[in-house]
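You will see chain A twice below: alongside chain B first, and alongside chain C after that.
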Partner chain A sequence: MLGQIGFGVVAVMLLFTAFRVVTARNLVHTVLWLGLALAVTAVVYVMLGAHFLAAIQIILYTGGVLTLMLFGVMLTHRDEGFVAVQNPSGRYVAGGLLAVSVFAMLAAAIVRTPSLPATPAPPVSTEALGAAFLTEQVLAFEVLSLLLLVAAVGAIVMARRRDAGEEGESQGAVLPERKVLPLRQPQPDAESAPVAARASGGDA
Partner chain B sequence: MTFVLSNPWLHGLVFGAVLVSVLMALVAFITWFERKLAGRIQSRLGPTMVGPFGLLQPIADAVKAMQKDFIVPKDADRFLFWLAPPLTIAFALATAAVIPFSKDVLAANLDVGVLYALAFSGLLAFPTWVAGWASNNKYALLGGMRMVAQGISYEIPMVMAALVPVTLAGTLSMQGIVEYQVASGWIIATPVGAAAGLLFLTTALAEGNRIPFDIPEAESELVAGPTTEYNAIGWSIFAASEYAHSVITAAIVSALFLGGWDGWWNLPPLLWMVAKTGFVFLIVTWVRWSLLRFRSDQLMALCWKYLVPGALLLVLIAGIQVSVRG
Partner chain C sequence: MGLSAYLLLSAGLFALGVYGLVTRKNAVGVLASVELMANAVNLNLIAFSRFLGGHVGQVFALFAIAITVAEVVVGLALVIILFRARGDVRLELMSELKG
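On to the complex of A and B.
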């Protein structure tokens, strides 16, 4: 009974936060609501006894929202006041149809599924989960790792500045090579000498 | 008493209330300790005027902060500006729930305690960024952006360094790791454990925005970073949560690497845990008042060129050690 009330409260919170994600007018607020929605999802996992999944949900998803917030700042101007999220295409009919059909599909799937027991399944221990990753599910695990590695390497390649010497790439603005100073920088005399001369009032 | 301990709801409520009260009281006097220590390091006396040895200084400071007017800038995002300080302290204190202070003194013995602690520790950049953004001040926003960049970078070696005791003990529960150390020696006593401990402490300093990693705050360039626009009680809450986070991080280091409540001479385990936490906090404070601030590029180079590969290597060595042990 207590569990059902708890689930009801959490479900209402989840729906409300998800609703605010799409209705908030300010991009940063949207992202914050998203973070809250993802955190509430972690609470659902805890209620189902999946503690490992809940912790990972917080670390990866809610933590990942931080990165999204940076986009929020970089893509909007705070000084213009609240940014209205625009819908430039204005295809409300097509969008509405799509939303209704997705809803119908999900609803059909839910209705057809035989009702599951309301009591949470016996929790799977973290040891069993780890063992499953490296035995039964090892192929999926490795493929996913490879996919993430490709994404990481791809991001670095795309973010890297193009070399000025490369041909056919000079239409874009080529930023000057930034001087990256080493951790321990030896003080070159050539740079410090004029400063010293100026400081001492020398008329060089 | 037994009824309270056996009922999970009451246990959580009572223990949580006690833990938060004790920690907040501790934090007040830790500011005194830090100011005294900083004074000694810099050849001065620190607070001396209020109470014996200046011991009542934190209370005087707190009363002063509460009396002041909490000013919200005109163009700030009012709600988020209000929300950021309580959120910060909540995230900082939430980590304390999984710290084992002795065999029974523990708020929640989670199977995934280490992950829980790391999750909330990593989330601390979140309210800090919100504070910076809501202030609508360029210095505050820059500080918030730096906090996020630093937080998400240093989380990676931090999690990997924590993986070393997890691998050696074969459990994600904090209590389980301490019990492993009681049975088969402290993790810091093994070479790989000592290296991982040092690495974890370094990343924890960065995660907690402490010198030499306090680039988000950088008072010489950003006024006070994300907290620039905060005054009165709002600022005090940020300061308190920074200290609370430092103390809790010191406790996590003690539990993961220094054997937690394990000790000699039949002294109470709680005392050992507090002593170890105090020792780690002393080191952190000592570092703070001895070193200079890194530059941004040095910070990133340190993380990605040294700490991440080093942490990967340590995880590999720990894995080999465990598989050889069988």
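On to the complex of A and C.
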């Protein structure tokens, strides 16, 4: 009984925070709601007996990903980003319909599956997880570490600002940016309005 | 609570992520929606691992978490490049390749 109430409270919190993630107007609020949703997911992991994964979720997501996304929002922030952008309502209708149909499909599949287990198996210890990582899953573990290295190096190379002092491709890299800059400041909406109108026409 | 309750919760989370993926215009907002969907998938994996026994589900979820983090790093680097080149990260403005 108590477990059911706890599950209900956590489920409602998780769905509400996720709903706010996709509906909040302010992008910073979106990212903060995302952090809350991921933290509540960690609570669900604890309820499922996966304590190590809950800790990893908190450390990696709310510690790392959230900070990165806040950096992303603030580095690419412009003033009109905080004003409500005019959004064609057809997109909301299409998104809502798609989401409802996806959920209906999944829920029908879940409900109609016979004999889903209702009682949990014994929980997995962190020791067993660690042993699995270094024995039977060791190849995937090493490939994953390579992937992380490549991602880190790639992100640094991609996001690095090329200074004018560099030789070689630096001229090609600096020149287009200087050309774009004056376009950027005077009128952000003059060119975006017809594009948005065209997009909405395509949606409808 | 049985396994189906967790699966339904995860399905709801995934559907909300789909909604955000369609309606969001800012590239960072789209990334946040993708995070929600990946999170729903991880929840599924862990729920199955808990109710069916065995540790493989949790190992898989750990791999998925690490890969998602790498994806966010690369995605945000792309967003920053986009901003540097175009001065805007609203995705509906990126329509050069539209016929």
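Here is the rule we use: the second predicted complex is superposed on the first by the 109 of 204 C-alpha atoms of A that agree within 3 Å, B and C clash if a C-alpha of one lies under 4 Å from a C-alpha of the other, contacts with A are read in each partner's own complex, and residues count from 1 in each chain.
Simple rule for what comes next: a residue touches a chain if its C-beta (ideal position, glycine included) is under 8 Å from a C-beta of that chain, and two chains touch if they have at least 3 such contacts.
Just so you know, these numbers come straight off a predicted model, no measurement behind them.
Once the two complexes are overlaid on the shared chain, A:Ala152 sits against chain C while remaining clear of chain B. Once the two complexes are laid over each other on the shared chain, residue contacts for A:Leu139 go to neither chain B nor chain C. Once the two complexes are overlaid on the shared chain, A:Ile5 sits clear of chain B and of chain C alike. Within the superposed three-chain model, A:Phe19 lies in touch with chain C and out of touch with chain B [touch as defined at top].
In the superposed model, C is the one of chain B and chain C that contacts more residues of chain A. Residue contacts after overlaying the shared chain place A:Pro122 against chain C, while chain B stays out of touching range. In the superposition on chain A, A:Ile56 makes contact with both chain B and chain C.
On chain A, the surface patch touched by chain B in one complex and by chain C in the other comprises residues 52, 56, 65, 69, 73, 78, 180-181, 183. Those residues of chain B lying in contact with chain A across their complex are 80, 110-112, 115-116, 118-120, 122-123, 125-126, 129-130, 133, 136, 141, 145, 148, 151-152, 155, 159, 170, 172, 295, 297-298, 301-302. Contact residues of chain A toward chain C in the complex are 3-4, 7, 11, 14-15, 18-19, 21-22, 27, 30-31, 34, 37-38, 41, 44-45, 48-50, 52-53, 56-57, 60-61, 64-65, 68-69, 71-73, 75-76, 78, 81, 85, 87, 91-92, 94-96, 98-100, 102-103, 106-107, 110-111, 113, 116-124, 128-129, 132-133, 137, 140, 144, 147-148, 151-152, 154-156, 158-159, 161, 176-177, 180-181, 183-184, 188, 192, 195-196, 198-199. Residues 1-9, 11-29, 31-33, 35-36, 39, 42-43, 46-47, 49-56, 58-59, 61-63, 65-74, 76-90, 92-93, 95 of chain C are the ones that touch chain A when the two sit in their complex. Residue ranges of chain A in contact with chain B, taken from their complex: 28, 32, 35, 51-52, 54-56, 58-59, 62-63, 65-67, 69-70, 73, 78, 125-127, 180-181, 183.
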